[in-house]
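Shared chain: subunit A. Partners: subunit B in the first complex, subunit C in the second.
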Partner chain A sequence: MGTLTIGVFSSLIGSMNLDFAVKLSEAAADKGHNVNLWLSGNATILAQKGQKEFLDYSYLIEKIKSLQEKGVQVGACEACSEGRGIHAGDVIEDITFIGMDWYVAKAAKSDRVLHIGVE
Partner chain B sequence: MKLGVFYSELRGNHDVLFRLKAEKLGIFLVSNGIYHAIIKEKGEPSPVLQKQGADYYVLSEDLQTRGFSTDEVDSNVKVVTYSDIADHIMNDYDKLAWL
Partner chain C sequence: MSNKILFVVQRPPYKSENPKLAITHAMSCYTADMHIDEEVEPTLAYVGDGVLNCIKDQKAEEIYGIVSTDQHLKIQLTGDMKILVCKEDMERLGIQEERLVDGRDLGADMDLNVVTFEEILKEMDEGCDHLMFF
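Entry: the complex of A and B
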């Protein structure tokens, strides 16, 4: 088994890239791989507590919790979050609220790295 | 280098794709990139499918989300699931890119 690190910068609403990153993380975790998921830029919105489910919006909070239960480590960029008014207390439990060095360190030790930029 | 490229847009930058060089190249059509596995322009397959020596894959879930069935997919493109993609990227391609 190996380690996959995915960094995603796309937004939760209006983009499919974050859905893709979460689903690929789950598929890799189900295969027994170690997975790190880094949320940066608009993707940090996914780390925010209290999101509400709407019919045609991506609603990934439950998926994130199930990923964490499967051992996926999720990190959210502190600067990008704070820049969007998301503070440490607003972040879903067990999501690491930290600087980008977390992502760089994880990527450096990974077998595979997939960086999904902004559209 | 064994490179796996994720192509996620319909009107993306083909130029970058055609400049890529790799010992082994896999192109994964995901999100709106799946249209390249389906569409014909003037009766011809999408230019994205014309990268010499590349292996092409298309994500089945993104096909179905957009109302396509697997038998509409170009014969040079292999239909895969997320699980298959996890296997391919962990076993067959050591570098990954997102276009």
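Entry: the complex of A and C
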């Protein structure tokens, strides 16, 4: 089995990229691969606690918890989060709140990297 | 042997977060060994409208109140980061080499490398282990 690192930079609302990244992470984890998911830029909103579920907006909190149970490591960019007013105490439990070196290190040691930038 | 990541920047500065994130992610390669006990070597490549990031004397501090991209690039040059700029896209936008950032005033030994798109493609194909588009 391989290691896949996915970096995603799009917002939860207004783009389907995060939905795709989370689904792909789940599919890869279900196949037994090691998966790292990096949330940077506007994607850091996904790491924030207290999101409310509405039928008209993507809601991925339960999916994130499920991914973590499957062993997916989720990291959120500390600088990108802090710049948006999301502080360590605001972040969902077990999401690694860390610098970009975490992502590039995971990427460097991965068999495949999927880097999904902002549209 | 180090791991090589190529960061390709295709957007102009300031209108999106991407170009700045490319630089900060590239910079972070220098501390990646805290996580994996191996070095990660970054290369930045500017293509398309991304070459506009490389023009010197940007006034972002005055106008936007943020650090100018050219300041970031100067600092990376002092750290010997390899930075490629697409020659054809510079020509398309009428940018002469003398308008590009250099870090000589900060003591940099390296300059930006103006190269053909073919050379950037070769870097993508053979010169890196992983590729990230910003």
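As a working rule, the second predicted complex is superposed on the first by the 119 of 119 C-alpha atoms of A that agree within 3 Å, B and C clash if a C-alpha of one lies under 4 Å from a C-alpha of the other, contacts with A are read in each partner's own complex, and residues count from 1 in each chain.
Convention: contacts are C-beta pairs under 8 Å (C-beta built on N, C-alpha and C of every residue); 3 or more make two chains touch, one makes a residue touch a chain.
Just so it is clear, the model here is predicted, and its values are computed rather than measured.
K.L.:
Are subunit B and subunit C a fit on subunit A, or do they clash, once the structures share the same frame?
P.N.:
Pair status: fit.
K.L.:
Mind working out whether A:D101 is in touch with subunit B, subunit C, both or neither, as first, second, both or neither?
P.N.:
second
K.L.:
One more residue to check, A:L4. First (subunit B), second (subunit C), both or neither?
P.N.:
first
K.L.:
Quick one: is A:A79 in contact with subunit B, with subunit C, with both, or with neither? Answer first, second, both or neither.
P.N.:
Touch partner of A:A79: subunit C, not subunit B.
K.L.:
Go through the superposed model and pick first if A:H115 touches only subunit B, second if only subunit C, both, or neither.
P.N.:
Once the two structures are laid over each other on A, A:H115 reaches both partners.
K.L.:
For A:G41, decide between first (touching subunit B), second (touching subunit C), both and neither.
P.N.:
Second partner only, subunit C.
K.L.:
After the superposition, pull out the minimum Cα separation from subunit B to subunit C in whole angstrom, please.
P.N.:
Nearest C-alpha pair, subunit B versus subunit C: 7 Å apart.
K.L.:
Does any part of subunit A touch subunit B in one structure and subunit C in the other, and if so which residues?
P.N.:
Looking at subunit A, the two contact sets intersect at 113, 115, 117.
K.L.:
Quick check: in the complex, which residue numbers of subunit A touch subunit C?
P.N.:
7, 9, 40-42, 79-80, 99-110, 113, 115, 117-118
K.L.:
Name, in rising order, each residue of subunit B that touches subunit A in their complex.
P.N.:
Residues 6, 8-9, 30-32, 61-62, 81-83, 85-87, 89-90, 93-94, 96, 98 of subunit B touch subunit A in their complex.
K.L.:
Subunit A touches which residues of subunit C in the complex?
P.N.:
Residues in contact with subunit A: 3, 5, 16-18, 21, 24-25, 27-36, 38, 40, 42, 129-134.
K.L.:
Report the residues of subunit A in contact with subunit B in the complex, numbered from low to high.
P.N.:
2, 4, 16-17, 20, 23-24, 26-28, 30-31, 33, 111-117, 119
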